[in-house]
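Next, two complexes with subunit A in common: one pairs it with subunit B, the other with subunit C.
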Partner chain A sequence: MIHLSFVDWLRAAPVVALILQFLVALNLGEHRGRWVTQDDEPRSSTRFAAIDLFIDSGNDPLAAWQVEFHATKGVVRIVGIESGEHAVFGDDPPYYDPDAMMNDRVILAQYSLGRADSLPTGRTRIATVHVQIEGEMEPQFSMLLQAAGDDEGCRIAAEVTFEMRIDQ
Partner chain B sequence: MNLRAPERDAFEGGTGAEALRSDLSALAARELSGVAALDGSILPVARVHFARIAEKRRMVGRRRWAQLAAAAAIALLACTTVWLGDGRRPAVIAGDVTRDGTLDILDALALARTIDAGEVPDAAFDIDGDGRVNQRDVDAIAVRAVSLSTSGGDQARHTTVTVAAPLGSPSITRGGGGS
Partner chain C sequence: MKSRRFKLLHIPASIAVVFGGIWGCDSGRMVQNAQYQRQSTETGSYFDPSRTGYLAPGTSAHARASRTTVAPVGPSEEIWIITPPPDRTGISKRDGVDLLGGFGGDGLVDPLIFDAFDEDATLRDLVDPCGGIIGIPSHRGTSTPAFVPVPLEHTSVEAEISAFVATVDVEQQFHNPYNSKIEAVYVFPLPQDAAVNEFIMTIGERRIRGIIRPREEAEQIYLEARRQGYVASLLEQQRPNIFTQKVANIEPGKRIDVNIRYFHTLAYDDGWYEWVFPMVVGPRYNPPGSNDPINPVSRTGDTRFGGTRGGTNVPYLAPHDRSGHDISLTCEIDAGVNIEEVLCNSHAVDVDARGSSLTRITLSPRDVIPNKDFVLRYRVAGDRIKTAMLTQHDPSKFGGAGHFALMIYPPADLSYIDRRPLEMIFVLDCSGSMEGEPLALAKRAVERALRQLREDDAFQMIRFSDRATMFAAKPQAVNSDTVTRGIDFLNSLSAGGGTRMLDAMDEALDSIEESRCDRDRYIVFLTDGFIGNEDEVLGLMQERLDRRDGHSTRIFSFGIGSSPNRFLLERMAGLGGGVVAYVGLGDSPAEVMDRFIERSSHPALKDISIDFGGMDVRDVQPGRVPDLFAGRPVIITGRYHGEASAEVGVEGVAGTRELSIPVEVSIQEGAISHDGIACIWARSAIAGLENRAMVDDDREIAHVIEELALRYGLASARTSFIAVDGSERTHGAFGTMVPVAVPVPDGVQYQTTVDQ
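Showing the complex of A and B:
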């Protein structure tokens, strides 16, 4: 067995301190790397929303309408389309391109051959678009009226609006 | 030469008169030949000069006709553009029942109204090509109107409204626009 005197321990102390410092630094660095990796991992944030689309045709009876709706910002996918509130348009959903599903853009349209007094006037919900939203970015939507007509088939002026309901 | 009678008789009767006459004749002949030579040298130059002037005039005339033709073409193009933009152009889009140059749900509505009223629709609106114009053609027009790949619609007539939709509370966002 090697016997070390107190003087020998004093001489070896700096070398031992350096070795300990190196080992501690190596251990901390390894931990730092793990923390960065953990922070970079994206959080999973998927939510669903329902967007009600409205048309206000004023005093004109609304016999036909066509709107375009799309997300201009955010990761948004259309997952469902629901019919509006007025019975004259029936329970079937409006016309739309099936390619709009899982896409961020859709064109919706519907018409009715009902009499003028049975058609909606004023503000009415024409459809509901269900979307899936991913990520933290706040989505932005755009809606435009492509056509609106009365019971005579004449083009009429109308106003489009939408309301979004987030499913918590 | 105006000579009095006695002097003329003396002059014409003498030999000097004959010599003078022959000399004058020779002189006149020489001068005439010089004039002819001069004319011969000037005339070709003059002809070339006047030919160039005539050519220039013809060129100016042709340019004027070309300018008039260009102006007429521009006027015709402008009239055609105005005419087409006035909504009176013929239907060139399959299913454009309203003949307004766009394919939208109003075309489906127009054809559906025609069929519903028992009128005979235009055979040109046999969209599915089955030899009859019926509800299937109405549906075909509507499907084309909402197609994402061939979406028509006069975008210039419409208003786009973009409204941010906050994901936090409150969870209702409103947006709006009009035509």
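Showing the complex of A and C:
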């Protein structure tokens, strides 16, 4: 073990200061890209984002759907669920299952009794999930189509995708 | 000079023309009535026979149909009726009103255009000695009305009633009238049993559903979103009937709406269903040392009454301040049976019968100031209706459990059972908030009760404000002398000071413990319930009653005034084994008290047990089935597995007799299912847990409440709704917090409450 007297510390101070300055600069450099995105705000590890959920039902009219969405990595809290783009599913945002929400999993479902020609086809934004993200880790999400059906109640093949938006 | 003012009406039209048409009465006191024409196209009337409650007993009223233009009234102004003091000395323009017209003591309109007179002209000079004047607050002098911009422009209420359950959608329309960003904060009431399970924030065309989260977590999310410039809203419960709505980062000129949906059950009393929508939180008194107070403050933040000890601040408008916040309300009733009568004593309404069992009630656009409870009553066909069960069963939810709500009706007639002598302890709230009409109503109710008691009964009276004092050292046997002295005591009471209800509760329970035991003993509270320490009062009550053997003492509560604290009153009666009644400003206290005496004269059906037949029932709420009083059914809720049953049996004891009530449960195809039943059950279960928490410091109770509220998606003391628009940030700092100042409730004096 090395024992340094107060005088030794004083003598070593310029060297220690240099090392500290280097470490601090290194650390700042690592994060500088993200800091720019926060405008003049102090650095916060908490940010908010909107994640658009899409279903692509191809040429089939989409009359009913149920999806599950959750984060597989990162600390994410769901803070809002916004209506999709198609009015045929009504004005109100889709309901969520409170049981699933207790674990920050979202199970959403909607249906429409509209005629086939009023239903969406192709890629449709069915909802937007608003989230709060905490920590440095970039979150990863998973989305699962549990069911999709057409106006005759038949199951249809469809694909789900999602896109995250962060206002920086 | 002291003048007596009755607020008459609020006219939001840009120009309205007021016509004469005033109710007068022989005593010289005036009640409100006026006819008006709005922009010369729409005519309405404020004549409302139910408001004759304002008249002194024994006086007769008469109306005048003629109409005469007296003056234009500007936007957002109110019209006042001013009755002169007994000596008829002059009220003049110098008293701070623009005098619009006068009327004679015989009720005939005697319009006068006061502009023709100089400022020294007095009432005595101008109208009949028994007359009065109508006017609007002057734009001159010290009483200049101030328009107070608030960030809440409008509240829209749409209710649907099916059977005995109401589904209510409330939309609060926030708007930023300033030139910088604001955070709007609004403290508002909801029914004490409202199961709030939907919350949507609307920004332009975009609608974002809020998420239920543990309270602290929701608050942290909100604060962070606010700090970072995101539009966010937070709904927190302060009391089961008081909520706070916060909306952050409202940009200048922008509008953000918040929609809330809740379910609750209706009260039923002697053939009448009652649906109530509260509109304003009354100014609460918080005794020193109160935890989590509800502080009444002036709109400028002055906290002379209540202090700044944390808790929730409710800012009130001064008497001459007016905000632009108004309210609209519709209520659609699908009774399933014929609706025979609809009554609304609290507000002017339009009733549109759309069939024998369907009715739509709309709040009149002439009655849009949200300063009193909206109380709607309707009577349905038949002497008594069938016990009804509503269910909600979705096998994919709640572990496959179904939920039910069952309204149990008491036997139609228990009068064949002997009446036992009564011992009544009347506890009168004489605090500052009861000044004026509320205390007058309470006095008349008690006087009526004293006159109804029999010679083998006994009574006591306790008045309380800053301290509690008793009419006599011990309950007095009823005779003409004691009743006379009791009425003298009543007449001597005046209002002022704080609301130390704990002391009054203690006195009442002490008094009853020292008295004879061969009478049915009732403690009857008459109060507006404007206290912030409800938990303390309810906790003490529960503790004292639990210490007694059985429940030989019952506690009844009478809510007095236009916006009583229904949470306190209902919970007191519920814990005390009694029932609650309300005497609004438009109600007859005599009628309400007569019904109470009639009801309490019959023994209640107690020790009730319910046989659910083949139904596998669990978690019945309330945990102890309340006693059944004549004319007052109770609603119980529960969970079940398997099928719902149509055969339910109720057994209980009335007096010394065991009674079995055959209950025919009405299960009609398509009418038995209701989407709100699970939430209503959960809300009731939470209320039961809250009662336990008042006397049991077990942290596990709080955890169970939170778990239950999260699972059923309900706002509660432990859970809040949060909604954040994470898609874009607004520019700049989050701006100033702007509380929504509210009027004091109709009939409540600002000076004796907020400005104490």
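Rule of thumb we're sticking to: the second predicted complex is superposed on the first by the 118 of 168 C-alpha atoms of A that agree within 3 Å, B and C clash if a C-alpha of one lies under 4 Å from a C-alpha of the other, contacts with A are read in each partner's own complex, and residues count from 1 in each chain.
Heads up, the rule we're going with is that contacts are C-beta pairs under 8 Å (C-beta built on N, C-alpha and C of every residue); 3 or more make two chains touch, one makes a residue touch a chain.
These numbers come from a predicted model, not from an experiment.
One more residue to check, A:102. First (subunit B), second (subunit C), both or neither?
second
On the A-aligned overlay, A:165 touches which partner chain: subunit B = first, subunit C = second, or both, or neither?
both
Which partner chains sit in contact with A:47 here, subunit B, subunit C, both or neither? Use first/second/both/neither.
Touch partners of A:47: subunit B and subunit C.
Which partner reaches more residues of subunit A, subunit B or subunit C?
For subunit A, the partner with the higher number of touched residues is B.
Tell me the contact category for A:128 with respect to subunit B and subunit C: first, second, both or neither.
second
Considering only touches as defined above, state whether A:83 meets subunit B (first), subunit C (second), both or neither.
The answer is second: A:83 touches subunit C but not subunit B.
Based on the A-chain superposition described above, do subunit B and subunit C contact any of the same residues on subunit A, and if so which?
Correct list for subunit A: 47, 49, 95-97, 99, 165.
Under the definition above, what is the set of subunit B residues touching subunit A in their complex?
Contact set of subunit B toward subunit A: 98, 102, 104-106, 108-110, 112-113, 116, 139, 142-143, 145-149, 151, 153-155, 158-167, 171-179.
Residue numbers of subunit A touching subunit B in their complex, please.
For this pair, the touching residues of subunit A are 47, 49, 63-66, 68, 72, 95-97, 99-100, 103, 105-111, 113, 133, 136, 138-149, 153, 155, 157-166, 168.
Spell out the residues on subunit A that touch subunit C in their complex, using ranges where they run on.
41, 44, 46-50, 77-83, 91-99, 101-102, 128, 130-132, 165, 167
Can you check the complex and tell me which residues of subunit C touch subunit A?
Touching subunit A from subunit C are residues 200-201, 206-213, 217, 221, 224-225, 228, 230, 232, 397, 710-713, 722-729.
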